[in-house]
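A, B and C label the chains in the order they appear, each numbered from 1.
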Amino acid sequence: MDMTRREAFKNLAKGTLPVLAAGCVSTVLPGVAHAEEEKQAPEGALGLLYDATRCVGCKSCMVACSQANDLKPDTRIDGLHQAPPTLNYFTKNIIKLYRTEDGSDHSYFKQQCMQCVDPGCVNACMFGGLRKDVETGVVWWYGAKCVGCRYCEIACSFHIPQFQWDGFNPKIVKCELCREHIAKGAKQPGCTEVCPTQAVIYGKREDLLKEAKSRIAASPGKYFENRVYGEHDAGGTQVLYLSRVSFANIGLPDLGENSIPSGLKYPHAVYKWMALPMALFAGMVFFANRNFKEHDHHLVEDQKKTGLRPQL
Amino acid sequence: MANDSFEKETIAQSLKNAGYSRRDFLQLCTTLVATAPMGLALTDKATPAQIAKKVAKAKKPSVVWLHFQDCTGCSETLLRTSKPDVADLIINVISLDYHETLMVACGHQAEDALKSAVNDNAGKFVLVVEGAIPTKDQGTFMMMGGRPAMDVLREVSSKAAAIIAMGSCASWGGVPSADPNPTGSTGVDQIISGIPIVNLPGCPPNPYTLLGVVLEYAVMGKLPATDDLKRPKFAYDRVIHDHCPRRAHFDAGRFAGNFGDAGHREGYCLFKLGCKGPVTHAGCSTRHFNEMVDAWPIGTGAPCFGCTEQKVGFRIPAFSTVDPHTFTPPDTYAPISSSVGKFGAAAAGLVGIAAGAIGGATWAASQKLASSEETIAAEAKPTSTPVGGK
Amino acid sequence: MTRWERSVPVYGVPVITRGFWALLGLIAVGLGLIAIREVVGLGGNISGMSDPFAWGLWKTFNVMVLTGLGSGGFAVGIAAWVFNNEKLHSVMRVALLTSVLAYWTGLFALGVDVGRPWNFYWVAWPATWNLHSPLLEIAVCIMLYATVPLFLENLPPVFEYIIYEFPKLRGIAEFCESVMKKVYPVIIGLAYILPIMHQSSLGALMILGGNRVHTLWQTPFLPLIYVWAAGFLGYNCVVLCLLLAKLAWKRDVDPEVLSEMNKITVWVVYSWAAFQLLDILVRGKFFHLFTDGYYSILYWVETALIVGSAYVLSTEKGKKLGTMFLAHALCALGGMIYRFAPTTLAFHAKDGATYFPSAIELIVSLSFVAIAVLAYLVAVKKLAILPGSNQDWRNMARYEEQVKPGIKLTGYAPAQH
């Protein structure tokens, strides 16, 4: 390339400066723009408290859930027994078993939607196919707005929304705290109603938190890290867990205290009031307009010389 | 058969006269409680002593028992007990005013017996029907005393207080109604309406179910709560599968594969041999027959064939398996993380081929371009040499 | 060697060739499989997707990777129109064509991939828009981009075609052209801001993947690095198209233009790689570059492909066409690996979960590409897309005048202003 050093720097500046500027602005802006408030659970937030030390693995909750939600049992392993290996589009609730290799320790784990205070899935859904009830905080699926893009599955670090892979009218299936079952008159979700040891209980989140903390206080050292999972995890969830073994072992990920959508706060800042994009747009139109006029002038000159119709 | 049609004695009197001790009576009442722990007002929250008190005061109900297209098995079940006294006992608790198998009379005497039993107790007797009723060709496939059975049934029913259809045949047609049903056999409630009917399907049903229904009527004055097929809920509200003693084997996946094999001898679940327990409503899993434990089909190692259900018994072949229609958590657990995702050979092959093809083409293209030795280095001055079309 | 002064169609070459039939065959198979997918759903053998890996090839490759490759329209365009790089004007039409084809086949792939496409009309109803969702930004932006500015930018060759071939419609076509000229700066303003927004949002998508995206790729700056990569990918694609045109149809190359494009590619790549590395260092993840096994290797492979190729382009060796071709191809490969990493290659969805596309998924994905390639081949033969010299045009005119008597391709009076 035969260009002077000056030209080289000019090109470098042309190429990278705008991008660097955008990068700097997008880092500075979050400090300037007010931080997006941390979402709080609504006053009437409902949830579950699952105490793994009380669960005996009877799986009645799986049966009750299928019945309360009119779901077919997943009998694909042998055609006979309801034995889903994991949550799927006809299993909203599952009991999983954690067990050490030598069998010396084990714990059950009831997995269903965490009903996050600031859910990743609700944040991800383009048209509001997944929405969080304003009063109860229950996260539920609204089919009329769902496009089936499955971004909610990508956005959920708990691996909860399940897509119906078979058939031409697929749904997203996940626990909704028996929203419809309760609307039809039930007092509780199917699982909590049937649990023989009251390992999983239903109620307002603040009451459940109190209960969980009182259990921890009553038996210090019994529960892992003497804390309840979901109080602050991932920005807080309405489904709370107490466990003797580590949360990681039973499949509850370590997500810190920031909600899943909080990762987007920088990109969101860049779009605040659409200011930056508009400015960039205006700038580009301005320069393009000036260059277009110059370019058009050249085209006319060329046409005079060559007699060939100019190309836009 | 004694015809105490004018003055009905109380059950207590009748039993005393027959020489039964209070102990025997209490034993009967205890059996009643076991038969119907719930769903029967007579036994609801009552001790045997309390039941005995109620039953003792009641008048012996008059029962007329008609046979149609039957095998008499339902009558036999009443008699087929291990303690011969109990059959007798039952007959002393109810006033069996007409029963073709058990009575002595025959011919014209029998017809007169029926007439007087019906007329003397008109509006008060319980009609027990055993056997299906043929309806084809004006019901002429079965004649009773020169008249079609259908007509006899209609006439007797018109004077009955309630009808108990004893057995599957009387409930919905039973064996005679199996394909192609040449005689048009059907159950009582397809012919009679306007009178309370209780169906007790089974082939045969448990005799204590009958006793419970009759005594409920006699003592409490009403028939027990029934489902939409008119079956008393206390005996027919659950399927065999839900109370089967072998259920644990089903849940754990232990099955008998063939008659006589190791699994069969171990007493494992008979589902794979065609047991219709999951789709058959009956109480047989908890109330066995002949007052002997395990005296019922599954207990003896024979799969249930669904004798109480019209859609199952005598319809679905004996050794065909059915859909359990039930949510059954098994004896295994999902792991915390399960493996998902398949790696198909065809797909891998395709990727290999595609990658190879594109990679190879790219390499070939670059080689071809290289062979032209063209370069955009500064020395090469651009010329406007016209280039041909191809 | 020549100088590129205008766009000239490929002439004297039949449109229907063996390649044409092969591509058409693949497309037909693809369409058949798509019909089955619409009835049967996405499970079973249709695709290798599962709940942990909810996005398969169609979204991640045909949309996220190939629209990156098809970013020539705005990457080259910004250099040409905003930074007034005159030399790049002659290749704008190729760049725009690759963009429109990549985007339209990408949209088609998206339509086939989503499970409930009948609800997509909500994209036009702002009241339902969830403004927090990156995917919404992409949906609205891509729809707008592909249907308005990108589409309009590709119309001039079509107008020309009409003007030359259909004298009766000349008036309308000329009118449309003049209207377009008046608003062209606004169209291209949109044509650059919209893809910057959605190409960066494509990166923002995976931020919600949290720590399932390996830490070497997961950063709040993912949108920036993603759109930056689209920058050099666009150039890769256009240069490859130009060099392939030389191979296939003996089209001469313009060394100045190619050299300009190489220069820009090199600077975009170097700055991109530097920023990505800086981001990793600032986040404190230096050691992951070496200690994370498969992920570290993946990072180095992708970086070597991209940066190594750019380096080669900046040397003397890179001026040779053969080497240039290979360098751009490998750089594009590296860039595609980068765009593919956060969604699939460096995405640890869940313990025990793996993803490999099924055979049907692969064939359908390739058929989408085949549609783009087929359309490209037809377009460059019918319309004036590929760059050439004025003399090339005159030769083409002579040829066409023999084949289609009465057509007038030269000797136009100066335009009235």
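As a working rule, contacts are C-beta pairs under 8 Å (C-beta built on N, C-alpha and C of every residue); 3 or more make two chains touch, one makes a residue touch a chain.
Bear in mind that the values here come from a model prediction, so they are computed numbers and not experimental data.
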Which of A-C and B-C has more C-beta pairs touching across its chains: A-C
Most centrally placed chain, judged by C-alpha centres: A
Mean-CA-position distance for chain B and chain A (Å): 49
Centroid distance [mean C-alpha coordinates] between chain C and chain A, Å: 30
Distance from chain C to chain B - Cα centre to Cα centre, in angstrom: 67
Residue list for chain C, restricted to those that touch at least two other chains: 50-52, 259, 350, 390, 394
Contacts with two or more other chains, residues of chain B listed in rising order: 336-338, 340
Touching two or more other chains - residue numbers and ranges from chain A: 86
Touching residues (chain side chain C, partner chain A) in the complex: 5-7, 38-44, 49-52, 54-55, 59, 78, 81-84, 86, 89, 93, 113-117, 119-120, 122-123, 128-130, 132-137, 139, 156-157, 159-160, 163, 177, 180-181, 184-186, 188-190, 192-193, 196-197, 200-201, 204-212, 220-221, 223-224, 228, 259, 263-264, 267-268, 271, 275, 314, 349-350, 384, 390, 393-394, 410-415, 417
Parts of chain A lying in touch with chain C, wherever the complex brings them together: 1, 11-12, 14-16, 19, 22-23, 26, 86-88, 120, 122-129, 143-151, 153-155, 157, 159, 161-170, 253, 255, 260-261, 263-268, 270-271, 277, 280-282, 284-285, 287-289, 291-292, 294-296, 298, 300, 302-304, 306-312
Of chain A, residues touching chain B in the complex: 2, 57-60, 62-63, 66-67, 73, 78, 80-86, 94-98, 108-109, 249-251
For the chain B and chain A complex, residues of the former touching the latter: 250-251, 253, 271, 324, 327-330, 332-338, 340, 378
Contact footprint of chain C on chain B as seen in their complex: 336-344, 346-348, 350-351, 354, 362-363, 365-377, 380-390
